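Both complexes shown next keep chain A, but they swap its partner, so chain B is in the first and chain C is in the second.
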Partner chain A sequence: MTKTKLFALMGASTLGLMMTANAVYAQQSGYLSFLIDNGPQSVAVAEAWVAAYTEKNPDVTIDIEVRPGGGEGDNIVKTRLATGAMADVFFYNSGSLFQALNPAQNLLPLTGEAFQANVQDSFKSVVSAGGEVYGAPFAPAMGGGIFYNKPIYEELGLEIPKTWDEFMANNEKIKAAGKTAVIQTYGETWTSQVIVLADFFNVLAEDPQFAEQFTANEAKFATTPAALRSFEKLQEVHDADLFNADFGAATYPDGLRMVAMGEGAHYPMLTFGIGAIAETVPDHIQDVGFFALPGDSADKNGLTTWMPDSIYVAKTTASPDLAKDFVSFVASPEGCDIRNEAVGATGPYMIAGCELPADVPPAVSDMLPYFQEGGQNAPALEFLSPVKGPALEQITVEVGSGIRPAAEGAALYDEDVRKQAQQLGLAGW
Partner chain B sequence: MTAAAAPALKMQRRSLYPGWFYLPAAVVYSVLFLAPTFASLYFSLTRWTLFDATFIGFDNFAQFFREPFLIQGLVNTVIYAVVTSGLKVVIGMALAVMLTSQIMARGYLRSVIFFPVLVSTIGVGMTFTVLMHPTQGMINQALALFGIAGPGWLVDPKLALFSVALVDVWKGVGLATVIYIAGLVAIPKDYYEAARIDGATRLQNFIYVTLPLSRPATATVITLSFIGGLRTFDLIWAMTKGGPGFASDTVASVIYKQYQAGFYGLSTAGNVVLFILIAVLVVPLTMFLNRKQGHE
Partner chain C sequence: MRSRGSIIGGVAAIAATFVVFVIPFLFIILMAFKDKQQSALRDFSWPNGFHLWDNLYEVVKTRNWMMITAFINSSLITVVSVTLLIVLAAMVGFVLARRKTRWNGLIEFLILAGLMIPPAVVPTIWLLQGLKLFGTLHGMILIQVAYNLPFSIILYRAFIATIPRELDEAAVIDGARPLDVFFRIILPLLWPVTVTNIVVQSVGIFNDFTNPLYYLPGNQNATVQLTLYNFQSQFSTAYNLLFTNIMLITIPPLIVFMFFNRQIVAGMTAGAVKG
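== the complex of A and B ==
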């Protein structure tokens, strides 16, 4: 209330200025609520955007609401959408999780908005349903692979592995040197899925039809050798006894800190972790490099990529025009610059005109070649198929902890995805 | 028996209050309890996305029982309920005996034991998660001082469920103790005097007087903690989220995970299963405990 009054007062006192500003930029007014996840990056960048936007539009008030991430967050987003209590604008995943939101019913289409002309088609495809585009990217594209500690690699004279065997050989040398070779952080279960999910480039390299057949209930993880291999890799790193002692209880921030400070050599993770490293241990950001999860052959070495999360407008919003204007601000080159300023550059943008600063951290420059000419990359399964089982993270904790062998884990996951496919009403399940 | 029941029946027929006096309570009860119960019975038979529900018969129940971790969840739930209620009875009784005897600072000790009951379960869970950390937790660091390599309390799949159960006992034993204290204080002193005249030892006092006469308290403690154990969720979720893997999943956490994943019909079916499970286990248990009591 006082905030609104304050803005009103400011607006009145700068009326003259506003009149001139109106000539170049259509001033907005009103109120928006804005629901974001509690990742430190999301919070920092959302605050920066809101500050910049309300500075340009003093009559606008935007309240940021923070929700947890992971399954807890999915729950909140779905429940609020279903009960019509969603914030006007919100952050959420693209791809299979977006499909589960029932977009046609719950979200405002953004297909015809001017800013969409600058958004890459590969991104639009993962926030589209029934011919309408519902989102705009608010972050750069990501890769899933392995963060490595550069000082350890230098100290032991190791090469970046191009095959899984080379990777395991590196691990043995690191272990022989008395260091933790692979960091796992099952205190936050979602982190346990990364090896399996980031291996998907290698699955597609062997079996290009897997995603479609998987969606159609024709291919299974347990019975497709290339896909089963993803689970086997996780079991192999467990069986070789390469993990940190507290892998069962360590958390995601622990893992990032450990790989940055050299308490461990490898941390399988998505590249959005770069931003968090830059924030929590900025002195060590130069010590972290990145490579794609290696496959079985050196000439098929490529990166599994993740489309960025998206910003959406709820269909229930009271001020759709203001919400759309805010989204187009976020998805503009100006929005990207504000993001670079607030949380640093963590990967290539999906918006034409967005530039990366010259001095990106090494983990980002390690990732860029995979996206450029001659580099190889493929989207993660969740962007090619709407089918993702909710229990994958528990299953990968089991496989990674040696509770369940890889083959059984893969078979259990095949059971788990059935429910999701049925809930989505897919044919063939 | 019949002679005593007859006047009671007559009284009921000639009730002082007109029937519509019951209306407000009946409305509240129907709107808040009956309607949701029957709605959930219906939704448990549908594939439900919160907006539209497709009727699919008993598929949800079939699916729920196909959940690979459900059987383990059921077993875990029963283990958890038995372990926590058993320990609460034994420890609660022991503490109550100690706290009704003439010891120093009795009032202070009573409040100390009751204190954990007042603390938020989530807070307790998070605190113990930190204390039970396998390498940096205070428990294992303390054990290390004595040269003992402490186990991974919450990360060892064999131990996780019992670690949570122990925390549950720590948190809940205060309530059991209070119930027992009330039960023990209510035992007439005459019995103890008579036993003393017969030359009973302290142990005999306890076995032949205290134990049988505190049976009503025992029945209350068992029923409360057994039901609490069966539907336990908050502590498990705060400490392990059912992990590692599915090792400490209970029926309630399996249900919650289905809800979280957006399988609303399936999780509603799970709640119906949990309702039946509690009824099947607790109704005979209370009947058994109460019958014993009646024979006294």
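== the complex of A and C ==
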């Protein structure tokens, strides 16, 4: 205990000496603390990065510390930032949760770093505040759509649906064959939002101005037909009686297991689920495919994407140069290769020069065409607008369980976002 | 002779106890024997194969043998803070019960306030940082003592009121100094309520999750409850390892309970007689 602290002190002071003596030396030395969330992928990949980095820079010590995820994790990160006890480098969400960290006050800007030239602009926009960029992506992009069970599709001779009608027709065939067509897992309420949120590409395809108008309180879910469709789709799958019998109590791990083992045909989810499938049912990872949530027209078929989490440097760090160097290592093509090796690939990277290995799981390769030439994708609403109501998951549970009709649910959600928009002090609310 | 009704009632009570207390424990043990795939089903089934040793080894060695550090830290925090709590609470309770001054009302109000007002995290951390105690085991111990002191004082004060004042006077006449009166006469008489305090507070402190999470950052400061988060995360959980971990960290409180089992009930009722 005291030994590590002593070492930290010694490291920090030697770093200071070295920096004044010869700043040209590329090799780094010193001590960093590194706070990560406790997802199995985060732990594995962080350990791999630290091992690779300290091998290149033997004088550096990096101490990994693990925190819980979810609401408890948010509290820890905010508490430690507020009290100046934050680790030098840490993982956290991008987008609206990042904005809640008060970046200008708590984080070190990384705008001028060389590695930012390779980072895609769409990612930079979700880790920027007040004209400065604060983060670097440490994970691949994610898509929201539908996992499907390939053996069931082969057995029943089904095609990947390009429109919502084709999707519902597939569901009817699967139901007629005596199988569960759509898996829902309301035991964990956040999973209920996926159909509505992942439909956002289709909303934008119909109504490209929706995000700006929604932020400015000019467009509403209940009164914009394209946006209301998202809620109606959820109601339609419920009304067609396609769900697994225990949809009210099943949990997210259950849903992944069911779609992988063929206990159900479709599971609407974000693609980060691939990692968990590879972890719990590795024998069935080849049985899971993926497609975007279909819209009403086959020409406008595209994927709603989620930006990956980001790695940040705390403003209170004692060794900012070392921290920046470590971040640029993580956000380099070399860092991506280490990630591929440690946890496998779960989607395309946001960094130019990062390659995916040839043998990615089918659900990942199904996702790639949406990102390549001729493919279409659009970010989820939460990356285009700061307005996201806190009660969406409760509302979608109600709509998905048939307790509340879609139109009423959409209207209730419009009420829900009003409170949040007013708290943010947006104009027009 | 016992009536048929009371026998049925007794059997029903035993069955209910079994369902409420024993089945969850059996579930934990069964889960600890399973491999990852089977444990992900989370059903009440017989394990396919014997995986307990693998799970145990995996749990203990994860994150650079964090479990061992955690057990040492938790034991230290629990033992030291419970000891401090008992000595301090008994002293305060003794003085409050024996010496009537016009400050008593205010002091009792402050003690109650300690029970009622929830502590705020960020100002407490600032205070600890100012005292250079943040992120240290002794800082954590002081926090546990401070948070749990009011409850212990209330238990002791009620019990000391039942000890006749003549005992103190007899000791003073025999030449005992104030500290002798407390440590040699009163404290031994407080044994039943001390046992209650030991059991309630040590289980509470050993099982505390949120306070170490916020006040004791750092790998070298891990406590046992925090090790649970090595295997449980927002989107994916290794249930076999999680339950093996739960089983391991349930053992110390279980031992405390078995050790003090007989005295607990006596202590509970003793403190409750007169207030």
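The working rule: the second predicted complex is superposed on the first by the 399 of 429 C-alpha atoms of A that agree within 3 Å, B and C clash if a C-alpha of one lies under 4 Å from a C-alpha of the other, contacts with A are read in each partner's own complex, and residues count from 1 in each chain.
The working rule: contacts are C-beta pairs under 8 Å (C-beta built on N, C-alpha and C of every residue); 3 or more make two chains touch, one makes a residue touch a chain.
The structure displayed is predicted, hence computed values, not measured ones.
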Quiz item: After the chain A overlay, clash or fit between chain B and chain C?
Solution: fit
Self-check item: chain A as apex of chain B and chain C, Cα-centre angle in degrees (nearest 10)
Solution: 30
Quiz item: In the superposed arrangement, does A:102 touch chain B (first), chain C (second), both or neither?
Solution: first
Practice problem: Figure out whether A:276 sits in contact with chain B (first) or chain C (second), or with both, or with neither. | Solution: second
Quiz item: After superposition on the shared chain, which partner residues are touched by A:249: those of chain B (first), chain C (second), both, or neither?
Solution: first
Exercise. Using the touch definition from the top, say if A:74 reaches chain B (first), chain C (second), both or neither.
Key: first
Practice problem: Report for A:403: first if it touches chain B alone, second if chain C alone, otherwise both or neither. | Solution: first
Quiz item: Which partner does A:414 reach: the first (chain B), the second (chain C), both, or neither?
Solution: neither
Quiz item: In the superposed arrangement, which partner chain does A:325 touch: chain B (first), chain C (second), both, or neither?
Solution: neither
Quiz item: With the two structures laid over each other on chain A, which partner does A:82 touch: chain B (first), chain C (second), both, or neither?
Solution: both
Exercise. Pick one for A:186: touches chain B only (first), chain C only (second), both, or neither.
Key: first
Quiz item: With the two complexes overlaid on chain A, what is the closest approach of chain B to chain C, counting only CA atoms, in Å?
Solution: 5
Quiz item: What residues on chain A does chain C touch that chain B touches too?
Solution: 72, 75, 79, 82-83
Quiz item: In their complex, what parts of chain A are in touch with chain B?
Solution: 71-72, 74-75, 78-79, 82-83, 100, 102, 105, 186, 189, 245-246, 248-249, 390-391, 394-395, 397-398, 401, 403-404, 412, 415, 419-420, 422-423
Quiz item: If you look only at chain B, which of its residues touch chain A in the complex?
Solution: 47, 49-51, 63, 66, 68-69, 133-136, 152, 154-157, 241-247, 257-263, 266
Self-check item: chain A-touching residues of chain C, taken from the complex the two chains share
Solution: 36-37, 40-41, 63, 121-122, 125-126, 129, 134-135, 213-214, 217-221, 229-230, 232-238
Quiz prompt | chain A to chain C touching residues, read off their complex | solution = 1, 4, 37-40, 43, 63-70, 72-73, 75-76, 79-80, 82-85, 252-253, 257, 272-273, 275-276, 279-281
